[in-house]
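I have placed the structure first, in the form of structure tokens, so that the comments after it can refer back to it.
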Amino acid sequence: MSDIVEEFNDYRAKMNDKILADNNKIIKRIFNLDTNAFQEGVLDKKTKELLGLVASAVLRCDDCVKYHLESSYNEGLSKEEISEALGIATLVGGTIVIPHLRRAHEYWEALEQHHSD
Amino acid sequence: MSDIVEEFNDYRAKMNDKILADNNKIIKRIFNLDTNAFQEGVLDKKTKELLGLVASAVLRCDDCVKYHLESSYNEGLSKEEISEALGIATLVGGTIVIPHLRRAHEYWEALEQHHSD
Amino acid sequence: MSDIVEEFNDYRAKMNDKILADNNKIIKRIFNLDTNAFQEGVLDKKTKELLGLVASAVLRCDDCVKYHLESSYNEGLSKEEISEALGIATLVGGTIVIPHLRRAHEYWEALEQHHSD
Amino acid sequence: MSDIVEEFNDYRAKMNDKILADNNKIIKRIFNLDTNAFQEGVLDKKTKELLGLVASAVLRCDDCVKYHLESSYNEGLSKEEISEALGIATLVGGTIVIPHLRRAHEYWEALEQHHSD
Amino acid sequence: MSDIVEEFNDYRAKMNDKILADNNKIIKRIFNLDTNAFQEGVLDKKTKELLGLVASAVLRCDDCVKYHLESSYNEGLSKEEISEALGIATLVGGTIVIPHLRRAHEYWEALEQHHSD
Amino acid sequence: MSDIVEEFNDYRAKMNDKILADNNKIIKRIFNLDTNAFQEGVLDKKTKELLGLVASAVLRCDDCVKYHLESSYNEGLSKEEISEALGIATLVGGTIVIPHLRRAHEYWEALEQHHSD
């Protein structure tokens, strides 16, 4: 079975490196902010990951959903917490979010599989 | 030739089952509403399918477009009616809808092929 | 009571005239298409108005919703038909459509009032 | 000074009543779900309000932002927590979120004023 | 006649000051980037302003359109150049952009008036 | 190595032909406008291509980005100009634009490869 987690992360890392090598200041700083914004603050990391996940889901960005699913997994968030957050996303964002739910579910399964190997 | 209709429906059914098995009340009720909303009412089923199709197209959700194309096909809507509805979607939603028109056209052809086999 | 129907139509007409006076070919042709797209075709005018309404609602464009509510009113569509179409829009587009439902409801009332005067 | 909190809530309540009086099943159930989705679950109410706030902000729905700001205020969330959540929304959703930050800030001030009266 | 240019700028400046006073690092840096991104680079300022304008228009952010209209005006861009850029925005983004065209046209007139006083 | 440029252009051309063969007036005229809008005017072709590219990127339409990358390449725009334009798109549209940056970067590389063969 092809590992969609590895495939996603490899492509993401490879292309991010190339983008950063272009040395565009605006883009580099946005990448930087993206790392900082999800650090512990007044809100803890878990809450922030859920915020990133829901923002990604309602804006229907599959790659962003995958990225936050992985960070959420690593932070120890449970499937039930993810599911409740995605339920809010589907209600606020409408049934057009449902295809992204399907792919999110598949990716979460792949994360569990990937980390149990 | 690989059947994109079957492929789409199989994946959709498999993942929907898994999502529903998670037993998230909000998501289950939204799935439920999605079935009810397109039943005969003051507006007939054909009109409702066209509304679902146009909403899906302007929001640029390929999977939602596919789903409503299949229901539209099953309700007996003609290619000309679909095309006129998608014309309105392209005008209201702009040229960014065009790539979705291409995939919609391909899927409609696959539906015709699938049902003529 | 200030008439929000007249106010909307006056502003719309005044500014459209100014935009068209700029003589930008692309914009003029899009305005033109907008008139043609909602003419009787394979689909009747009522259905097309509902398609325009739902597209406007899920894309959350209040002025577009107002415009299609007025044309729908003039085509003789009933409040029940409008309500059913907007129900589909809310399901597909999510609860972020609800504030637009409120303003749509208010505008429909104003249309009834306006035409009963 | 006119109270924008009261004004928003009055209009919202009045129009919601009218919409519900139309007795459209789909819309009524969505209103219902909207109440249920933000109840205590695996995630607590505060977290859910922040999820609703961020979803509303990235989808750029001022009325939805206002609604979740008020519930957040009532749940005891601090201005710093709100600010951190909206920071994530602005990063994920881009600078087009900034005008909504301005109105959110104004509304939060009005909530503080309103509740201190 | 009330000056919509002054009104917009006053509110914008006042609320931006309050937001920056909250001292949220992510938001402060995004505000900062927003200033840097439109400075002369490989692309000149005029081109960048047009890019900011078109991005704002297709994303249908009136306040962002106003902001870029004013910077465009100050950079010496002509009404014809603005109109051509907004024509592309309307084609790509669809007829839902038209209400924003109306408000953009009104704001450009106000800018001309404001600077001729 | 499979040529993603050729693959994209072949599919695009094949499906556009089929769509145009359907003879839907609205869609045909929008296709037509799409060609006209990017012709030399008060703004030169390069600037217009960048406007089309940024509009496509913030609206997150990969196929539209690909199309404008190819026209930009053919007009002689440099990678640095493209990068600066996409930097603005990422700032205005937020980090959800980043996955599209990755695919844009890959496509630009493919264009360089394709034209150097």
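When the chains are written out, they are named A, B, C, D, E and F in that same order, and each has its own residue count from 1.
Definition applied: contacts are C-beta pairs under 8 Å (C-beta built on N, C-alpha and C of every residue); 3 or more make two chains touch, one makes a residue touch a chain.
What you see is a predicted model; the values in this text were computed from it and never measured.
Using the touch definition up top, find the fewest steps from subunit B to subunit F.
The least step count works out to 1.
What are the chains that subunit B and subunit E both touch?
Common contact partners of subunit B and subunit E, which must touch each of the two, are A, C, D, F.
Which chain has its C-alpha centre farthest away from the C-alpha centre of subunit C?
When every chain centre is compared against subunit C, the largest gap points to A.
Over half shared or under half: which fits the residue numbers at the contact of copies subunit B and subunit D, same or different?
Over half of the interface numbering overlaps between copies: same.
Which chain pair is joined by more contacting C-beta pairs, E-F or A-B?
E-F
What is the distance in Å between the mean C-alpha positions of subunit A and subunit C?
Roughly 37 Å, centre to centre.
If you average the CA atoms of subunit D and of subunit E, how far apart do the two points sit, in angstrom?
27
On a C-alpha centroid basis, what's the spacing between subunit C and subunit F, in Å?
31
Identify all positions of subunit D at which a residue touches two or more other chains, and write them in rising order.
25-26, 30, 33-34, 37, 56, 58-59, 64, 84, 87-88, 90-96
Indicate which of the five shapes (line, ring, star, complete, other) describes how the chains touch one another.
complete
Can you check the complex and tell me which residues of subunit A touch subunit D?
By the definition above, subunit A touches subunit D via 30, 33-34, 37-38, 41-43, 47-48, 50-52, 54-56, 58-59, 64, 78, 80-81, 84-85, 87-89, 91-93.
Over in the complex, which subunit F residues touch subunit A? Could you list them?
Those residues of subunit F that touch subunit A are 60, 79, 83-84, 86-88, 90-91, 94-96, 98-99, 101-103, 105-106, 109.
If you look only at subunit D, which of its residues touch subunit F in the complex?
58, 90-97
If we count contacts the way the header does, which residues on subunit C are in touch with subunit E in the complex?
11-12, 15-16, 18-19, 22, 24-27, 30-31, 34, 56, 59, 61-64
Subunit C touches which residues of subunit F in the complex?
Within the complex, subunit F touches subunit C at residues 25-26, 29-30, 33, 36-37.
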